[in-house]
């Protein structure tokens, strides 16, 4: 099911046209104004090294790509950053694949890497094609802007002949139309209500677990989570258990991989665990939203 | 504008005549094209004679001190038929929307109407003026831009006695929009 | 209107084109002139070629499904002295790329455009809609996401007759790439 390897097109010329501006010293400057997205940056880096997109010298490009991401620090918007990370992760995979001994590729993981590479290149080639054609469209628009259409009122002798205008709507409809036109056009919003998931607090779940385990001493994870309202709560409860484990309040036992997970209450120093002022719990507050989202994505 | 960029004089004249709204004087053309008035006048007469000779459907004539393209007389019947054909009766959606902005924001400049609609509406505005639905009313003090308002023919077509009878806009606007729009 | 009053077909076409302020379809001309569409189409192309050959300052072109007089491009500098608001704002690189994806993939959702470009394009898409280059056209059945397509104003701005005249994308793409899955 390996994707058909992309043919090595002769693309160098095309890439060079979209090369980013390099500074006079030959040093490489990156600005968000120059690179609008990860594909844009990657194309720029490839062009800078005059590499054929399909004949990789990935180590260079990968290193610079990652250096670029690091250089940007905290100024990313989340959406853009995640796109960059996907590309960076793929590039790292590819770089790893370069270290594999050449020859027969039998291993499933190797195949997966090749597939990832082909997919990334396919996307890059696709993006580059649109970038190219956008250049053509811009040239056409510039050319077209030099031709002015005739928009001149009709000679009076004909204008007088024009039949009465038919508006085709009444005063109320006219006002409705005006309202629509005069309403500022908001960017369309993606409704997110349907993916909203109630939060589950790790701290609450910890308190609940402590109470329960104190009573019964030992239980399976399955039974401890059997009353959860949803994935998000199971996740929160799991995190709470990890936290309790770190504190030494519980211990785990799993006889075989993927088998039942037993949780046992170890009654040493129990007072501290349920303490509401515990700092580590404060940290976990932040994870609540994150985990809830993660859980939704998995469903 | 350097000389080698310039089209031949006759082509330059034709291009300008194609886009001007009203008759243009020989002397104005001469100034813009930086050529002697006699040369420009001669070119105009040459062109006019050529159109007649080639039997073109348009004609170049000097009327009341200005030159302009007109339809040739023997084509008037065809143009009349086209005008009466009814293609021109109904306003386009763009024209209706432009008129709506003028009606509720008058007096208003074309630039502002374009800003509200998000597209250039100069051509549409001319059509509305031509159809007698909108008219000029002086200029904006700061910018010198022409201001437009709706006409009594507009009211008539909409079945209203005066502008006060235009339905309130508020029910058709989301809250606060009036202010947002005016802030631009 | 009896036959002997009629001007030659070509003159009639020129006369009508002189009074229209938007592109006029071949078929509309054919109806008004009561001639076969092919004949009218041939006459239009003849006229256009003739204007070019004679080096006229105007040009007859078919754009966005209709014929219309335009000034010839080598006269732009001269015309711009008269056309006050001829300045069209240039599109950003991001807007151009987004427009290109919409043009070739239409109808298309914002998510798909973003996937192709590797970067979110919601703001850019909004700009394109405001500029009248792109418009909404219903929603995708499975996802409920809004679909976008290019407008006839887009064709006008590019001077294209129809979407088939868009430059080929294929030369820039190796085999199979067009069809890679954008979803992730």
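The chains carry the letters A, B and C, assigned in the order they are written, with residues numbered from 1 in each.
Going forward, contacts are C-beta pairs under 8 Å (C-beta built on N, C-alpha and C of every residue); 3 or more make two chains touch, one makes a residue touch a chain.
Because the structure is predicted, anything quoted here is derived from the model rather than measured.
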Farthest chain relative to chain A (centres taken as mean CA coordinates): B
Centrality ranking, top chain (CA atoms only): C
Centroid distance [mean C-alpha coordinates] between chain C and chain A, Å: 35
Separation of chain A from chain B, taking each centre as the mean of its C-alpha atoms, in whole Å: 50
Separation of mean Cα positions, chain C and chain B [Å, integer]: 22
Per-residue multi-chain contacts in chain B, two or more chains: 15, 18-20, 70-71, 76, 79, 83, 118, 122-123, 126-127
Contacts with two or more other chains, residues of chain A listed in rising order: 148-155, 158, 185
Residue numbers on chain A that touch chain C, as the complex places them: 4, 6-7, 9, 14, 36-40, 79-80, 83, 86-87, 119, 122-123, 125-138, 140-141, 143-155, 158, 185, 187-188
Residue ranges of chain A touching chain B (in the complex, touch as defined): 148-155, 157-159, 161-172, 174-185
Complex contact set, residues of chain B against chain C: 1, 5-8, 10-20, 32-33, 55-58, 69-72, 74-79, 81-83, 85, 87, 92, 110-111, 118-120, 122-123, 126-127
Chain A-touching residues of chain C, taken from the complex the two chains share: 17-19, 21, 58-59, 61, 68-73, 76, 79, 83, 86, 88, 91, 93-94, 96-97, 99-101, 103-104, 110, 116-120, 122-123, 125-126, 129-130, 146, 156-160, 167, 169, 172-178, 180, 184
